[in-house]
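The structure under discussion appears below in the form of structure tokens.
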Amino acid sequence: MGKKLAFGSDYMLGAHPEVLDALVRTNMEATDGYGYDEYSIAAREKVREACGTPDAIVEFLVGGTQTNATVIDALLRKYQAAIAIESGHIATHESGAIEALGHKVVTLPGQEGKMVPEVLEEYLSVYFGAEGYQHMAVPGMVYITHPTEYGTMYTKEEMAKIYDLCKQYDLLLYVDGARLAYALASPDNDISLKKLATLCDAFYIGGTKCGALFGEAVVIPDPSLVKHFFAIIKQHGALMAKGRIIALQYDALFTKDENGKYLYDKVGETAVNAAEKIQDAWEAKGGKLQFRSPTNQMFFVVPNELIPTLEEKIICSVWEPYDETHTVIRLVAGWGTTEEDVQGVLDVFASLEGIGIKTYPQQKLAIHA
Amino acid sequence: MGKKLAFGSDYMLGAHPEVLDALVRTNMEATDGYGYDEYSIAAREKVREACGTPDAIVEFLVGGTQTNATVIDALLRKYQAAIAIESGHIATHESGAIEALGHKVVTLPGQEGKMVPEVLEEYLSVYFGAEGYQHMAVPGMVYITHPTEYGTMYTKEEMAKIYDLCKQYDLLLYVDGARLAYALASPDNDISLKKLATLCDAFYIGGTKCGALFGEAVVIPDPSLVKHFFAIIKQHGALMAKGRIIALQYDALFTKDENGKYLYDKVGETAVNAAEKIQDAWEAKGGKLQFRSPTNQMFFVVPNELIPTLEEKIICSVWEPYDETHTVIRLVAGWGTTEEDVQGVLDVFASLEGIGIKTYPQQKLAIHA
Amino acid sequence: MGKKLAFGSDYMLGAHPEVLDALVRTNMEATDGYGYDEYSIAAREKVREACGTPDAIVEFLVGGTQTNATVIDALLRKYQAAIAIESGHIATHESGAIEALGHKVVTLPGQEGKMVPEVLEEYLSVYFGAEGYQHMAVPGMVYITHPTEYGTMYTKEEMAKIYDLCKQYDLLLYVDGARLAYALASPDNDISLKKLATLCDAFYIGGTKCGALFGEAVVIPDPSLVKHFFAIIKQHGALMAKGRIIALQYDALFTKDENGKYLYDKVGETAVNAAEKIQDAWEAKGGKLQFRSPTNQMFFVVPNELIPTLEEKIICSVWEPYDETHTVIRLVAGWGTTEEDVQGVLDVFASLEGIGIKTYPQQKLAIHA
Amino acid sequence: MGKKLAFGSDYMLGAHPEVLDALVRTNMEATDGYGYDEYSIAAREKVREACGTPDAIVEFLVGGTQTNATVIDALLRKYQAAIAIESGHIATHESGAIEALGHKVVTLPGQEGKMVPEVLEEYLSVYFGAEGYQHMAVPGMVYITHPTEYGTMYTKEEMAKIYDLCKQYDLLLYVDGARLAYALASPDNDISLKKLATLCDAFYIGGTKCGALFGEAVVIPDPSLVKHFFAIIKQHGALMAKGRIIALQYDALFTKDENGKYLYDKVGETAVNAAEKIQDAWEAKGGKLQFRSPTNQMFFVVPNELIPTLEEKIICSVWEPYDETHTVIRLVAGWGTTEEDVQGVLDVFASLEGIGIKTYPQQKLAIHA
């Protein structure tokens, strides 16, 4: 497999070397457990500083589904539902983890992977306007991803609109940042980490897909929002005995280089630049993108007969049918994508005949895992 | 309110007099609790006989949502999901009760309130055909209602197709019979109680809406399917200390009269006959039905300006928008609907001007509680 | 069985005739569902008045386990535990219903069925004093029963101490009043309904065991404590379509007679008087009581060889072993216990030889269902 | 802190250098995710071989509480309870994680940290013998730890007795092996890994406390016992995107050296030898052990006035009060405990005056976190 170009996902490699080094360097030190050690305390402080949230709850969890499940369950009352769009990660690819904790996931149609403020507004006004609304699951929060499952991003204005609606209807807003580094590094992005912290009630800074061996950093700017979060984390099986292991990784990711840049920023840039070049090349050859991605995930509309050739040379994902003769293929760049990897994909594209399509019938919805 | 015609639902009155009488007659007798008494034992036996299922588990629960939640939770493993159509009761009007027990409700588009075997088949084949299907909630059962939330019914052939699919994919089939009496009494129905018991793994015979003061009778033909159902019922808060109270009502409902007819049959007939007359009258005046209901729920497409007049005289429900100028209004007949009630509605209809509509644009989906 | 004296429990008969009459009288009236009808509104008001809590949330649920599960789940955050004594109903006889909703039940040793303020205080001070206390389930409430599973009662002072501890440690206090009528009617009781409403955060006024056909009335004096209780009730399968059915029963129970006495008071008095006479007779014959009960449950220490004779004539419960040669037998009087019933028991006692015991070795703990 | 002797727990260091090296060596390789990669496949196979269970389900999870919660939830039906002893990890130190998944943890008194077969037998015979046993939570499994929270171990005979009881009552037996390496390495141990696989239905081979950076390997010898375990793991937030990260660590731990010894064996030996020497020294000075530990955890009965001196030099845990003037102090050796560490403790012991105690009043039970 090593010989193929690795664009299957952003979790195919281990950790960014500087992150791994932090673990190696400290390996034989004896510290307290459960995040009480000095490294954990320091890493939390670095994250708080990067977010401009001096009082925030910051905790380090292991993976994305675990983080979503733990945070959503911490934010909601037992009987409350979360609102997501139909392609939202919690609605599709978490094996029912949110419902397993008792919370219905109410889904709304999205657009290019994003929740549409107007659709949310209509839903909320109809829902809370219905006399017997309590017969239906009562929403307690809105869940969005940034960047989305389709690599797209919210603008500051869009996210602010959603947050305003949340406040109007007494809902919390939670942002899943599994791939946050790739949004932060996108030239199109206008939501900095500090800005994000003012646009929602809770979010996480993804590590697993963004340079860490594994790990996600939860940030809850207003600490009064969740009491006993330590116990909640433990109860969800999300507390590491050696809490420092994730903390050390975030310490590395949020250490600035000589130019004042976080490693977390650089991780994102590498991938976003790679994705830009690859998408450019595809379009230059007349190829169609499902939509132009400003981040590290790319979605190519590929004539079905070309898929075997692609898959022979590139590890990639068959995403969903586009129409009867075309399929959406996803490639994902990451912090470890090299110039050679990019050139390799460009070479494959160059070798393909008949990339372009003329007509695009209505895309069918699909199940993809 | 007593002066209005009561077509708001089939739970507006108390119990059929013969049912109530069973409670009054036995009130001062001292019996064992928790369904161990002779009345409970006898009533279970009567239900088993009516269903042709001599070995079935039969238990009496209090209400519909409770019954759905308890039975679904008993049938599923903890991690499994239930498949329903978008308008299925568990998907819409149970305040998230199924999810509160940990089970995702996966929804498919339905047709006139019914699950479409072809849609289900496509879903299952795509789902189980996907390599990483376990990243999505794993379905363990299919949930349907008969008659449906829209008063429609499955044919024997349709239900058999769904059950075959269930067996093919190792799923259980559960039928919510909250209004079962009204299907059994419909001239169009070809699924008898005995037939139903062979077309699914579990179902309930609704009482609350079908002549009982309250109560639902769960029937699980193959008793090996659920172990410790008593404990499960108790754990769900669904066990009555005075178990006989519901049992006595089912004893009355499944006692035959001199013509060999169960009271449960007669309860259904009264309502179905009333609904037929009322729908006939509406259509005779040129009115449109959302669709013709073969049971006791009726869905009228009413010009918006006529709604105040209707609501002034009839207790009914504003169901959902039909188009910009028309609304679907639901009337429900029940075991207690009298000839006078029917005539009353006919008189109201006769007094209305402009019932008929000519064009029917695409109906918008709606939230209704 | 009708020939035996019925002292097996206080749920062996149906309803007090005045309660049943309320159902019969209104049976053919058509009303709104789900507790929106006039009868439900009126009954809630009567309960509020009886409790001296004009703003209280009052809702009518079906049974005890359901009520405990629903209220505890409504009061607690998802991750919190309830503290009870080892013999508390939620800790022993609810098939794990509280844990099924996610809440650990932490148990403390009790005394004569009561929580001991000093034991609670020690537990809380040690628990919250432990550095890593969040590794253990975090308590969010204290659960007590009044009267207890052993027929005993808290004094005003005892309950106030417990409530003070709760407030000190930021816990809620919930009182299970499944048999509340029998405490209210006890000459030893110093906690009136109005007083009770000031000594805890939530409680319920038991109906199933106190004259109703079934039903429990939840009272939450401060309505800001629980939001969306309607949705919570529905989600727990505890909402009746015909909400009026329980409400009408409470209306009857909280209607005053010509002497200004509630039926609920009279229900209790009948049973407490009966229990007093029966316990007197046992002690007069030299018999030992496990402890003297001031309410309607009685616990007799019976030589093992006399049990068959007792059980032949009286429906009663083998409660738990007392020592190797004696067993605790429970008799329960109720609202329907007649003078003849009492005399019958006295006659049985009179016929027994060798009731008295001299030495009482340490009683062994036991499982009883 | 680095200057103190690190005996606070066996999770204070990072990973055994050979384990860490496996991560470093493979860091820049691109592999499939979610345990589908070659490393994960190979590691599962090695564990199967070490356990003599060619068909076993083997999955790698992150931590102990997560593993217990996931496996117990996978083994039990929704309504079932787990039986543990009062000091069992799931009963005390998992923040209610098992109950959060719906399962009551029924506790029995243990002896020196072990479940006593006779106590279990009595419980089961009384429980299942009780007529109304389903009113109490129905047990579905027995949970034990080996070695226990007190460092003690089951003999082959004891565990076999417990397993026989489980089979007799249709329960599953699950063994928590968080510190399994230290039992396997104990001279007193007669339960090999292969033997263990025949003495229970599921167990896990602890990594976090036994040389891994983190990770636990679940082994379910009979794969028919759990269906869709992948989905269950994912739903519990326990699936790592980079599944290989834990697998590689187990690959290292279950690689044999030139003498045919697994690294996992050597990890255990280091700690057990250290603990033996330290306990010998304590007893040689007249000190009392709460009980002699055959594994890596040691429990010293320390006069209260000596505790400050101990804590100044050694990182250790104040475990529980022993009597009014003595306290149990826990020291834990690990794979990283060096000869110098051991000598350091011996030196501290040598410096202490008045270790010995003469009388040992009944120890009080205590909360410790």
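The letters A, B, C and D name the chains in turn, as written, and every chain counts its residues from 1.
Simple rule for what comes next: a contact is a pair of C-beta atoms (placed from the backbone, for glycine too) under 8 Å apart; a residue touches a chain by one contact, two chains touch by 3 or more.
Being a predicted model, the structure only gives us computed values, none of them experimental.
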| item | value |
| --- | --- |
| Centroid comparison with chain C (C-alpha atoms), farthest chain | A |
| Pair with more cross-chain C-beta pairs in contact, given B-C and A-B | B-C |
| Chain centre separation in whole Å, for chain B relative to chain A (CA means) | 42 |
| Distance from chain C to chain A - Cα centre to Cα centre, in angstrom | 51 |
| Centre-to-centre distance between chain C and chain B (centres being mean Cα positions), rounded to whole Å | 35 |
| Touching two or more other chains - residue numbers and ranges from chain D | 78-79, 94-96, 100-102, 132, 134-135, 137-138, 231-232, 234-235 |
| Touch list for chain A against partner chain D, complex | 1-2, 6, 8-9, 11-15, 17, 20, 23-24, 26-33, 62-67, 69-70, 94-97, 100, 208-209, 213-214, 231-232, 234-242, 245, 315, 336 |
| Residue ranges of chain C touching chain D (in the complex, touch as defined) | 78-79, 81, 92-96, 99-105, 123, 126-127, 130-138, 366-369 |
| Touching residues on chain B, where the partner in the complex is chain D | 34, 73-74, 76-79, 101-102, 132, 134-135, 137-138, 227-228, 230-232, 234-235 |
